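Think of it as A, B, C and D in the order they're written, each chain with its own count starting at 1.
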């Protein structure tokens, strides 16, 4: 049976820590641990079932509204995001997922906090200094079942029109380990692959398909119940995977494991990510000012 | 390890089907299966870990908005509820649980659809026939962590004031089996016991504490992850329960298993239950009229 | 002072009923009154401050959930929408406005009920008959202040990608008369003009800019307070318009007049419009089936 | 015609500034203007159509999330609230109004931010210092149309059970002037009178009916359209009030004037008031800590 995870960190745990072609480093910055993993070869990517590229993982603070204490983390996250972006130019920030399904709502909920600036221009902007803001466009793509449009198709049509220098996509992830739910942010420059995310996207959203760098941000909000079951049972013994799948995914309904307070978790992760993106994109502005602006 | 369930049906499955002092019957009404279980002795109650009383279980329709097709089910549910209520007199309907936590929101969400009528009186009511409505009061109790008031305490204070002839409480339940999530309605005349429900109430809400009959309605919205794990592993072998608990309830956080589309499931169960309660309470009114009134 | 209205009906009331180049007819269909106005010349359009084209106005039912009783109205509305659409081909349905601002939320809220079908294809669709559904894509455009993208720009980029045969846009309107709030649906084939809608769009969304027919649907949700004041005072006497504007739009804040229960009004209008659009687009399907599907 | 206002300040403007038996002072505290009005005699109360007692009015900050800048205001408001409360003992904080009707939702929305502490006790509380928190209970009363229970009746039943030393009620108000919408907080020790608030309560909630001091907090969210019209027209000339009422309240529907962004206004006022109440009640705790706790 398959252990499903969108986290490169967990893919490495599963595949083994000594794979050739994978660089792994841990850095401390202001007491925050930043794990960086670079998959450098196609072969390593195949072993890990993740595309070649850079994956950064940062632990999130416990559930709290206290943004004074999370300033350092916000700065660390913002700087890592910025390190993957071109130095200037329009950035399109897109929230993937279904706002009506709590564990899939991270993307659209994050978008509500990202500062759109592409439309700010003219004399008033100049006189207030707002013309120094980096141009940003913000999109909630919706989900194919509700729009009839593939997420990648929607993004591409907007990209062709507004010609961003890079795209940031935010999406809810599935992890293998329950302790990571809501506690881990993954930043990568590899975009989104089919089958990833809580909503299981069907199209690739990558530099290859979009024509510009695609930075993906995600926080795990669920563990697939099939993964949990496989994980629990494989520890003990080999088992009949079909029988287990029937028990934890009755009639093919996808069952997920989440903290009971999943609503709160998504709300707060969305707030932290949106503030980090704002910090990454508007580097000449003070965080407090940005918080006030929103 | 403990297999947690709020469903009497599952308690019977666990304890065995041939317990002395338990009556179990299955009835067909308009193609709807109604399972009725009566726990008649204290000893049977102890074996099942459920209070003495009547437990009725009805399968819910699949997720759909098509209330034309669910009319029969609505009637069946309404008639079972009515069978447990006094013939007339004020009824207090109370929704338990936390509206901000999706799997715990069934109670308050149901209340939004229950027709309050206790305040309707006077000449206008007479001329429109509305004075023939059974008097109903509707309460969202909130949860102790947000109110500082125990749910039972809150209910009791209102009961002493408005003197209902019976109370209906609606609450989200935990089941043992994933296939029952959102698919089973339990109706009982035993009220709510400590530790029951998704939110784990701490006080008894029963005829004994309230002084009037307490009808409890609930639909399972979660399986406790500890229960799922215990269930999966006990099938195979005895295991170290502490180790398992740490894995599926890291740092003591309660993890739950739900369908991915839990928001939809709660929304629709709430709608069906509220319509059934309205039908149970306002027997002289047409269902279509009631739907129109709301 | 200006009397602001997005309703062609009210523009005609203001400009006079005997303008050359305007056809006006009233039709009864199943006890539902359908007013049809055709502006045939540029000059008539200038006098009415509305673009040339067809404007259909239908009275909405009082606030009620009783969709059995509104079936006829739904059919009437659906048929009028269909009469303005090409016979077949993909239709893009777009909800304009800000979902976080209640009186501006009609567009996005309506979209939640419109059936997207463009992605339904393949063997399963064939075997269930769903391949006979007309292809429909559904978009919530968001508002420029939150996206950095002009509504028209967003629509056009998607249009270029998916190549619809027509566009339906839904938007909240401003009327002159309070009694029309929530009670009138306007259907036109003239698209959306700058300055229209509650959110005051800045770009044209018309057949000219989009390259395909644009059907606009709207319900008035507000009367601009400046319009109400002008209206009240002009009846009596000429007045200092600057002074009045300062009183009813202090510090330039836009003040609107709405029914107290504006949330309910928007919710129900959105439901009715989405059902009507579904009926217009899926003419081979039964209304009851469509309701069940959603 | 009647000019409806729940603000004592505006009642004074209407009745004249030199009424015998009314004390009026303005104080500056940290650049914040605090207007205090004391109605000392029954006769003055009759002239002003407000009960005898103290009314404090504080200007609110413009719409912003920047709570760093609003700390001073929060402290000023908190200290005024505290000045009207008994020195210690349980406080019941109650939010009045309908959470589903945006302009009436201030009360229940504020409650979501008020820290309930009455249930915190025992060894854990002692070891963390939380036992020093003042006991607070928090209630959303709902509205009679949805509960069948009068707001005052609901409050009284809880008061009899939990025996608070004082009650704080929060409710949305109607003002006469548009420029005060969302910009003015009124604090009084006179409770709530019939006909006050956006929802027009029918029962008295005062020290007389509740048996303990009742502090009322409110922010105007609407101007009644009849009041606006009366105000506009009375300036110019006497007019036929019945005709005007028909125009601005067609078929008796209550029409209200609000800023377009009423949702935002209510959200932010609720946040500020809840923080101020927390500060007033938990004087031994740091504001930043309290923000973090919530």
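Here is the rule we go by: a contact is a pair of C-beta atoms (placed from the backbone, for glycine too) under 8 Å apart; a residue touches a chain by one contact, two chains touch by 3 or more.
Just so it is clear, the model here is predicted, and its values are computed rather than measured.
**Q** Count the residue numbers both chain C and chain D use at their shared interface, divide by all numbers used there, and answer same if that is over half, different if under half.
**A** On the two sides of the chain D and chain C interface, the residue numbers are mostly the same, over half being shared.
**Q** Looking at C-alpha means, what's the farthest chain from chain C?
**A** B
**Q** Averaging only over C-alpha atoms, locate the centres of chain A and chain D and give their separation in whole Å.
**A** The computed centroid separation for chain A versus chain D comes out at 42 Å.
**Q** Hey, how far is the Cα centre of chain B from the one of chain D, in Å?
**A** Computed from C-alpha means, the inter-chain centre distance equals 36 Å.
**Q** Going by the touch rule set out above, which residues of chain A reach two or more other chains?
**A** Answer for chain A, listing residues that touch two or more other chains: 100.
**Q** Show me the residue ranges of chain D that touch chain C in the complex, using the header's touch definition.
**A** Against chain C, chain D makes touches at 100-104, 178-179, 181, 198, 222, 225, 228-229, 232-233, 236-237, 239, 244, 247-251, 253-264.
**Q** Taking the complex as given, what residues does chain D use to touch chain B?
**A** Within the complex, chain D touches chain B at residues 100, 111-112, 116-120, 135-140, 142, 144-150, 153-154, 156-158, 160-162.
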